[in-house]
Amino acid sequence: VSDLFWPGAERAGGLLDQESWLAAMVAVEQAWSDALADAGIAPASPVLTDLVGPGDLTRLAVDAESCGNPVIGLVALLRSRAGGLGAEWVHRGLTSQDVLDTALVRCLRDAVSRLRAEIATQVGALTDLIRAHRDTLLTGRTLTQPATPVTLGLRAASWLSGVLDAADDLTALTFPVQLGGAAGTLAAVVELTGGDVVAARGLAVDTARRLQLAPTPPWHTNRRPLTRIGDALVACTDAWGHLANDVLIGSRPELGELAEPAGGGSSTLPHKRNPILSALVTRAAITAPALASTLHLAAAASAEERAAGAWHAEWATLSTLARRTVTAAAQTSELLAGLRVDPERMAAHAHTRWADLTAERTAIAEFRAAPPSAGEYLGAATAFTDTALDRARTWLETHR
Amino acid sequence: VSDLFWPGAERAGGLLDQESWLAAMVAVEQAWSDALADAGIAPASPVLTDLVGPGDLTRLAVDAESCGNPVIGLVALLRSRAGGLGAEWVHRGLTSQDVLDTALVRCLRDAVSRLRAEIATQVGALTDLIRAHRDTLLTGRTLTQPATPVTLGLRAASWLSGVLDAADDLTALTFPVQLGGAAGTLAAVVELTGGDVVAARGLAVDTARRLQLAPTPPWHTNRRPLTRIGDALVACTDAWGHLANDVLIGSRPELGELAEPAGGGSSTLPHKRNPILSALVTRAAITAPALASTLHLAAAASAEERAAGAWHAEWATLSTLARRTVTAAAQTSELLAGLRVDPERMAAHAHTRWADLTAERTAIAEFRAAPPSAGEYLGAATAFTDTALDRARTWLETHR
Amino acid sequence: VSDLFWPGAERAGGLLDQESWLAAMVAVEQAWSDALADAGIAPASPVLTDLVGPGDLTRLAVDAESCGNPVIGLVALLRSRAGGLGAEWVHRGLTSQDVLDTALVRCLRDAVSRLRAEIATQVGALTDLIRAHRDTLLTGRTLTQPATPVTLGLRAASWLSGVLDAADDLTALTFPVQLGGAAGTLAAVVELTGGDVVAARGLAVDTARRLQLAPTPPWHTNRRPLTRIGDALVACTDAWGHLANDVLIGSRPELGELAEPAGGGSSTLPHKRNPILSALVTRAAITAPALASTLHLAAAASAEERAAGAWHAEWATLSTLARRTVTAAAQTSELLAGLRVDPERMAAHAHTRWADLTAERTAIAEFRAAPPSAGEYLGAATAFTDTALDRARTWLETHR
Amino acid sequence: VSDLFWPGAERAGGLLDQESWLAAMVAVEQAWSDALADAGIAPASPVLTDLVGPGDLTRLAVDAESCGNPVIGLVALLRSRAGGLGAEWVHRGLTSQDVLDTALVRCLRDAVSRLRAEIATQVGALTDLIRAHRDTLLTGRTLTQPATPVTLGLRAASWLSGVLDAADDLTALTFPVQLGGAAGTLAAVVELTGGDVVAARGLAVDTARRLQLAPTPPWHTNRRPLTRIGDALVACTDAWGHLANDVLIGSRPELGELAEPAGGGSSTLPHKRNPILSALVTRAAITAPALASTLHLAAAASAEERAAGAWHAEWATLSTLARRTVTAAAQTSELLAGLRVDPERMAAHAHTRWADLTAERTAIAEFRAAPPSAGEYLGAATAFTDTALDRARTWLETHR
């Protein structure tokens, strides 16, 4: 699960790697087989869970090309290895897309669950950071130039609001089972139930329950469940990319306002402390939108009862997007947990350009022919910061 | 508002064109000016609404380059033309981004409102189509090849579910006001209120109310409100692209199962009846994901209190995306309103390959050593269709 | 041609706007009509040039929707307004795509011509900058952190090499005529020549000559000529985005090493001097790759003798991409012409961290147990700079 | 190298997988070490080639995160395992980016070499196909509807021209070595040569020669060499996607004009023969443009002497894009090698709609008041076909 091309990839562990996808496919076949047996349709449900494993991956992947997907090979393997009563009932009534989509959704559910845990950690860290720097003066900068004063607390509150928005999007996701059979009618399943449509749909509901996924009608040609997940993942990398930008800028030595917990080294420069976590999070933010756009293109290319090519484009795209998002999540958590702040440098920079930073106040005073306010010209900064903290508190109470 | 490069663009009317954006900016300045006057901060609020118009567009656009956005020029124009009491109070406390973002959101709100109306029309048309063809036999085709039988009702139910998913996404959108001043602290406004933060925030809430937008803290560096809108717009074009694909396929003369209400002509072929609406909707579906990905990239490039370039990339991208989505909406509505169905051709194709279409049933019968079911092997097609119709009915009751 | 949503758009003048595209379509019809008449096939060729104009744009654009493109309406207009001998011969033998594609290519040729002129200006400005700062010490920064010393000359040489690479890509482009008739066989033209295929192809060659475009076989379903143009345009915005990034960074007051010729103002902050040109160039660089990817998607969606939707997606995408690239070109030229350099600040920053910047040298000395070199530790910086200047000189000699 | 998420991935063999990239990095270190020793700078050059291998991948990948790239860990490993004379000289003078970029380019060179071989095979197959069907009548279809007659030879000539355009783009690529040291000045190398800039540059040229890459000045911040490769790869998938679309359409049973050599099966439908190769090629064509756009975004985000994040985004993107392109190449070769054509069905469809297909001819006859031509109304189809065959012949003579 590590990847020389994507340092840090192992942070995603087995989430949405080949092995866990294969295991999820087996879990789907198992749940279906169990549902068939419990309903008295199949004579028994063999234990499938340990019948295939990492050692089968290469063969299944290679065999997948001739049919376009790995399910046919998997079913053959499961039936032959299961043997005995019920073995030949495995997969009966389903189609490849049922197994593949449902397994993909299940893996995505686990990845999103991990993301929500990371976000909870981040919200905690951001809350601490904001509280600690609620009044830390910082040069507000727009288009790279000094504008008016802000606080580090307020800037971090903006990071927090992006993270919480992404969290809300993750929370709103549903993870639907895909069970429709060859063309989305459950015809084979109805055939197996002797024409009992209610029983057939009941099997789908039961299978969803076993897999802890949402029971829904087939969505084999309506891919919004997947594009919604993709959009929510990009909302995450957008939010983290935003805050990583600020760390990258702030850790320039000429600014020196922020620093990563531990900088990365160089192969030739002994003194280097590179803001590596921020760079790697930025990398995810640069690449994620294009991946999500591919999911939309695939969705828009949906046709008839299953699209040729568009469907096949989704798997690697979602796996890559989700794994990278999880990696970026963990890197962001680490970054926030140890972010170093130099309030003195922040104050020094602000005071160096105090006239500029408060030129607006001076102009207002002239306009009103009234004396300018005293103090740091921070407006509602603290109030906005507290609003963000309130939102975080509520979110944490609900989601932790 | 018509566009030689994008036939049908005039269907979007003035939505998100330059003129309506300018008018929205004036409306924002008006609302703010009114709020200032009502609160007793400004001595009066001049009527701004008719002070600038289409005739000012070129000058404002050209002048916008030197500052990067059109608000500075607009404010100068408004103040000079308003004259009299309160004129110099126009825009006091705000920054360009407040006016520009809020105006953009307001225009997007109107575009989304139009989209929801079009979708209501489409849901009505699809409901009629599905009801009329609940039992119309159709060859289920996966990866271009015959699979098992479906009904046109079921296929159209899949179109409908995509449209309703997009509708849900549109409904979930919020349209927040942007009011934060130079660096998101409302410092200038607090200065104008004599240091009263509560009053300053109250002005923002009052302005939001006047503009019928959601009052929220500043989101100048957290662009999720805009990327959510972009994602929802692409969900629309995805759903319409999907159904347009099916019309394009079905209207091939060798299939002849579907036809557009009136085909488009050719500059040299007298007999041609091209499925133009479907082609134009497909065009939107091909181009929309890339535009939405640009919004995400801009969001991820957010930095400090305002990003250089990323913010500027949003305006044309959103305008283009929203206008094209509205155009595609209207074209889809027209397409669905007059979609022609040839049930005889559908039945003929299905019966020509009936053995193939029911081969799965035969295989099940062999497997079970039981006679196959009689009838059309449609499984739960009707039940799934009715579920979709129920969802449509509920949606229409709630949203019409 | 100005655009409130894209400040600076008027810098592209009429290039690839609706009016010039329409004029190009008329020019194509004229060239074809002239070729037909010169070959003795048509009895005469009416003068078409002034028959349609900006006043027809709306009508033509609106009428375009029913057929999917504006050519049918245009032909009808030209025939009816031309009247007299030859009027009915206008467009005979052609199809809409011939006129539309050829006109688009012709407009793109003009845009690329403008780009090459801008690049010549930029190469001149960069050459001057590099010469002036061949020895100006600058902190080399990698991943935002000080690395080893460089010169401003060398950094600008890197900008230059990107610009020259883009120039090479523009130079390598061809601008082919599209003349294939309804399905790419020139069947109607051959019919008009009484079955003389050589004469029919000769008409195409003659038309290409009149339009100063490359004569080629039809490429109606092989869109590489257009994607190559798109890729080359993005190579331009990539190169300019790169240098704009460096200006944005260098113009932060904490660095103060670079500054735009004249900064942009703010609607509320009197002191602000924003690096607006860099911000606007960055905007183009953020949005261009997605547009070019759309052209590729359209190319890949090509089918049979003309794709439904994919073809239609190209026009606005190319127009937008080309116009924005021209605007960014002009902005970059202005930026480079007046770029301000502060060698003292550069030197001061370098000297502040001189131990870090030369830590590698110290490490080498230790490794070799030999004394470190004296001087600025600039390695081959000057040599590389001179190589870049040589390339620029050669390029300018060839292309100016 | 197989991938459950991307069936067929093993067709790319080891091209641009982790193992070959690691091997290429070692080859770069070896070449540099040899150059140093041959120049008398290092006392000796240890044999590095077998010092690291697949067993080190995980450790190197995991260790890579803390510095952001795997080179530091690799150098440590090489030095410690090499031991003896010259071991400590490994990597001296280089920076991580030198090794990583050069290794990437070398892997890309190999991938492009494989692509060119596949394309040669395809050009051969297409030539055969075109020759065999130079006169095979086919319904010309535009926007899905019958237009005028074409031949299968002509349509395949259009596929061929796309493939040859892509081949030209691949041929035009250069594969430059990256050797610039920490900030692109070769300062450390010049230090090692005792201040001899010419000798330092000579080492770079010698290293390029050993690696069979082009010697060029450093391009560490000008990424056009990589985006050009990306653009050329997408030109390939565009061309193959185009022809796969035609196979997908033609293999619909209602058309039945084309068929894949061997269709893919289904997990539940015994009769299914899915056009799997076309579907899988389409998958590559859908996903490639977004990946290439990411390379452009990374190029445009280049900054100072090395960008944080943008550089890191390139590796996985290029690896994925290149491997998928190679896989699609091999699948396309197989598709073309065995493409089945049904000339009778083609003729039957054309004759069924002969009046429509020749309506243009009838209209011309009426217009000219002259009798229409006899025959198949194919215009210059054969001539264009032969032009394409000529181009293929020339290309094959040059490139085989």
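As written, the chains take the letters A, B, C and D, and residue 1 is the first residue of each chain.
Criterion: a contact is a pair of C-beta atoms (placed from the backbone, for glycine too) under 8 Å apart; a residue touches a chain by one contact, two chains touch by 3 or more.
The shown structure was predicted, so the numbers you read here are calculated from the model rather than taken from an experiment.
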With contacts counted as defined, which of the two, A-D or C-D, has more C-beta pairs across the interface? C-D
State the chain with the largest centre-to-centre distance from subunit C, centres being mean CA positions. A
Between subunit B and subunit D, the Cα-mean centres are separated in Å by 36
Return the distance between the CA-based centres of subunit C and subunit D, expressed in whole Å. 24
As a quick test, compute the distance in whole Å between the mean CA positions of subunit A and subunit D. 30
Going by the touch rule set out above, which residues of subunit B reach two or more other chains? 68, 141-144, 147-148, 181-182, 188, 248-249, 264, 266, 268-269, 274-276, 279, 285-286, 290, 293-294, 297, 301, 308, 360
Residues of subunit C touching subunit B in their complex? 2-10, 18, 21-22, 57-58, 60-62, 64-72, 75, 91, 93-96, 99, 181-182, 188, 244, 248, 262, 264-269, 274-276, 278-283, 285-287, 290-291, 293-294, 297-298, 301, 308-310, 312-313, 315-317, 319-320
In the complex, the residues of subunit C that touch subunit D are 68, 88, 92, 140-144, 147-150, 154-155, 158, 161-162, 165-166, 169, 172, 181-192, 194-195, 197-198, 200-201, 217-224, 227-228, 231, 234-235, 237-239, 241-242, 245-246, 249, 285-286, 288-290, 292-294, 296-297, 299-308, 360-361, 364-365, 367-368, 372-373, 377-384, 387-388
Residues of subunit C touching subunit A in their complex? 141-148, 248-249, 251-255, 263-264, 266, 268-276, 279, 290, 293, 297, 349, 353, 355-356, 359-360, 363
